[in-house]
Every structure is written in structure tokens, then in C-alpha cells.
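Please find one structure pasted underneath; my questions will follow.
First chain written, first letter: the chains are A, B, C and D, and each begins at residue 1.
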Amino acid sequence: MENKARLVIDSLSDNIGLARVTVASFASQLNFTLAELEEIKVAISEAVSNSIIHGYQGEIGEIDISMRVHEHQLEIIIEDQGCGIEDIKTACEPAYTTADRMGLGLVFIDSFMDKFEIESKVNQGTILKMVKIPAQEQKQVN
Amino acid sequence: MENKARLVIDSLSDNIGLARVTVASFASQLNFTLAELEEIKVAISEAVSNSIIHGYQGEIGEIDISMRVHEHQLEIIIEDQGCGIEDIKTACEPAYTTADRMGLGLVFIDSFMDKFEIESKVNQGTILKMVKIPAQEQKQVN
Amino acid sequence: MKLSFKKYNNKLVVRPYGEFDLHTVDIFKEKLEQRLTEDINGIILNLDGIKFIDSSGLGAIIGTYKRISNKGGVLAIAEVTPQVERIFEISGILKIIKLYPSEAEALDNIVGR
Amino acid sequence: MKLSFKKYNNKLVVRPYGEFDLHTVDIFKEKLEQRLTEDINGIILNLDGIKFIDSSGLGAIIGTYKRISNKGGVLAIAEVTPQVERIFEISGILKIIKLYPSEAEALDNIVGR
């Protein structure tokens, strides 16, 4: 079975909860535990917050969240057309931040998702690709 | 304050609950009561079910749900590129159905929303436009 | 949707849990059909576990009503939530199907019919 | 986010309810600042009402820790939910801030400091 959905939101902090709820609701068609759904919510929350704060720096732009369920795995792509990241490797280091924040957002995404990739071009925007597979499915494969 | 979001889903019945949850979550930034949020959910459920059953007749297509909060009112536009409705006036009559169903979907939308309009072209698709204003806001205006 | 069933002589108590919409009506119909043996002449539908219903769910209830009426039986509905009651009221379904505040009262009232 | 406050001598118990993220951190900081009078030398943050936290919420907690530490006071955290505890563990915040199972225990342990 394959299923797709896409949520496009204005880069307002009001919409972070909406993004979490929508992705968690979409994700719940797979066998995720409640704890896993919470992990997905954190990843979405961090990604959307980054697009709002760093990507658009408070200006209003669009954040595009594509979700797909495919072969029992959840694929999420989060995209902004914001300022982009110059040095992705450095950005991913724990405690690295350009905005007096925790510098843990990308670290959380990486530890909560099974796959995590960043593509970014300065002045063009940032794309985050993540995959999460229910632990239950992973066991069945092995 | 203005805020926008857009949800695009595959026309699968699995996604009806997702559409309800997303729209209700978006709507909750206005002063809707729980009962009003339930009414919004019914309207979304009916519209999305119609696109799945009547619009795409079981084929997979996209259903586009645009939401906007503007001047304390919620505007929702639901669009499919399905078979369209030949006679909109007849379709809106209670108990009228072309699919051995209740014929109450459009009646429910009309009674639960403050404004409701249908645009449709045979073989091109159907657009439902709805507006809901929190009863609390309506009182304040009067 | 999850369903639970209980049988009292020839009455069947059906209790669906979850959301009652286009996505779940087929499960409801299928599971009910499996339990609807020849001898059953009354169905009590306990709806206290239904968090959401729309016209598709309503259609499945009307379908159940028709199914049991055709074999001379009755359908009673018990313990509706406010959202479900609201939908019932607007739809006019209350003209043909009775609501009871509890499962026990519904059973009492249709026993012996 | 909603917040409730209680004062025991010069300790302030703060109890936020809801989701602790970028959308709510400003409200948290603002309301807390209003209650953070000169005399306060200890804050107990009761987190049993927090249904969700991410790194933005965590940042506000670290900010509170710095704020009270700078004036020589202490911060203790009580009654975390599993989701919050998980985030605390991964972040390393537990190296600097102590968790207590109940508000009363947190109070007992920081009183007199």
C-alpha cells in the first residue's frame, strides 16, 4: 500500500502544532508505538521551527511538508525557500547555533529518525529528508 | 491576523480522518467551541468522502484542502479533479444520491457551515467553498 | 473501528469503538454480518464508544435497521454521545429508530417483541 | 500555554500546561519574569502538565536555570512526563538540573539553600 499527503503552511509559529498533529495523524496508519509517534513529532517540530527562525528569519514564507507511506516506512520531506545553510556539517554539530538557541534541533531529528539527510543552497532554501520505520517492522524483517 | 495552510491528500478513505484532524487543528486558533469544531469535522468528512466516492469513483486522485483564517473567520476550499456534478441544485436536495447513500452529505455541510457554495464542471471537477465563524465572534459583532 | 458483541437469547448487542465514517463502514457491516445468525430478532447498537459519525456512518446504521426489519426484527440504539445525537437529530433517523439512555433499558424494551 | 504560580517563602513553584515549543516559549518567559521578584532564590518547575517539549522548550528551561543561577538561586524540576524525560536525557540537561518525582520533594530539597 502507498499513501501520500502534503501539508503547506505559512511560516508562523502558530502552525508548528498543526504540522505535528498532521504528520502524527498520517504516521498512525503504520504500526508506530506512541513513543515513536512522539519522536516523529519532535523531529517535525524542530524542522518547522528551523524554517521559521533560521530559514525565513521571521519573514512569512511557505513550508512544504510531504509525507509518504511506502513499504511500511514513513518518508517525510520538509522544504523551505529560505536563506539556506552554508556549512551543513557544522550546522549538524551539537550545540552549534547561529541564533542563540540550543543547537540541538538537527541532533534530535538525527537521533529520532532512522534516516536523515539535508540538502541546502544559500539563498535558495533547505530540504530535510527523513525516514522512520516502526521498530515492530524492523524486527519482523530480521 | 491572517494564516494559511493547505493539505493535499490522495483520495483514499484512510485519509478522511487525517483531513478532519488537520482542519480541526487549524481551526482551533479561532474561538470555536468543541461543538463547533465537531461541526467543522463533519463538513470536512462529507466533502472528502464525496470526492473519493463520487468525484474519483474509487480511482486515485488528489483532494486539495485550502484553509485560511482571516478576520476571525475560517475559510475552507475543497477541490477535486473528478467527474464533476451535472446538476448542483438537485445534488443539494436532501436524500438525493447517485450512489445508494444517504444523500445527506451536502445537507450536513450546508447546515453546519455559515456559508457554503459549490462550483463544478462535468469531467473537470468540483470545488466546495465554506466559511465558518465562531458563534462567539458573531455575538460580539451584533 | 473495533467491535464487541454480546448475545442475550435472540438479541445481539453490538458495540463499535472509534470513528464511524466511510473508512470504517465496511468493517462494521462485515463483522456484523458474521454475527447476524438466523435466530436473531433484535439488535441493540451501543454507541458510547463512537467519537465521530458522519452521513456514511449513519448510512450503515440505516442499513442495519433495514437488514433486521426485513427479517421482522427490531433495532434499538443506546448511549449516544452528543456529537452522534446531533447528527441523528438533523438526519431524521429518530423517526424510525428509538434511542435509550442505557443498554439495559434498550434490552428491556425490545425483549419479547 | 497556561501557567500557574505558587509562592512558598522565597521559592516559586511554576506549573506550565500545554505544549512547550517555539510558539509558547515567549509566553512562558514573559509570565515567569513578572513573578520573579527580587526575593526569590529558588524555582520549582512542575512539568506534569507538559504534553510536548522540543529543543525550543528546553532552551526556555535552560534560560530559566541561567536566570536564577545568576542571582545565586536554584532550579529544580518536578513530575516530568515520559516524553519530557526522554528529551531531557538526550540533551544532557540532567547534568545541571535535578529531577524530583514530586513537587513536595523538590521543595524539601531546595528549601534552606
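Criterion: a contact is a pair of C-beta atoms (placed from the backbone, for glycine too) under 8 Å apart; a residue touches a chain by one contact, two chains touch by 3 or more.
In this text the structure is predicted, and so the values were computed from the model without any measurement.
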Chain labels contacting chain A and also chain D: none
Centroid comparison with chain B (C-alpha atoms), farthest chain: D
Distance between the centres, which are taken as Cα means, of chain C and chain A, whole angstrom: 42
Centroid spacing, where centroids are CA-atom means, of chain A and chain B in whole angstrom: 28
Mean-CA-position distance for chain D and chain C (Å): 49
Of all residues in chain B, the ones touching two or more other chains: 14, 17
Multi-chain contact sites of chain C, meaning residues that touch two or more partners: none
Set of all touching chain pairs, with the criterion as stated earlier: A-B, A-D, B-C
Parts of chain B lying in touch with chain C, wherever the complex brings them together: 13-14, 16-17, 20, 35, 38, 41-42, 45-46, 49, 52-53, 101-102, 104-105, 107-108, 111
Sites on chain A touched by chain B in the complex: 3-10, 12, 14-15, 17-18, 21-22, 25-26, 29
Interface residues, chain D side, partner chain A - complex: 19, 21-23, 52, 54-56, 58-59, 62, 82-83, 86-87, 90-91
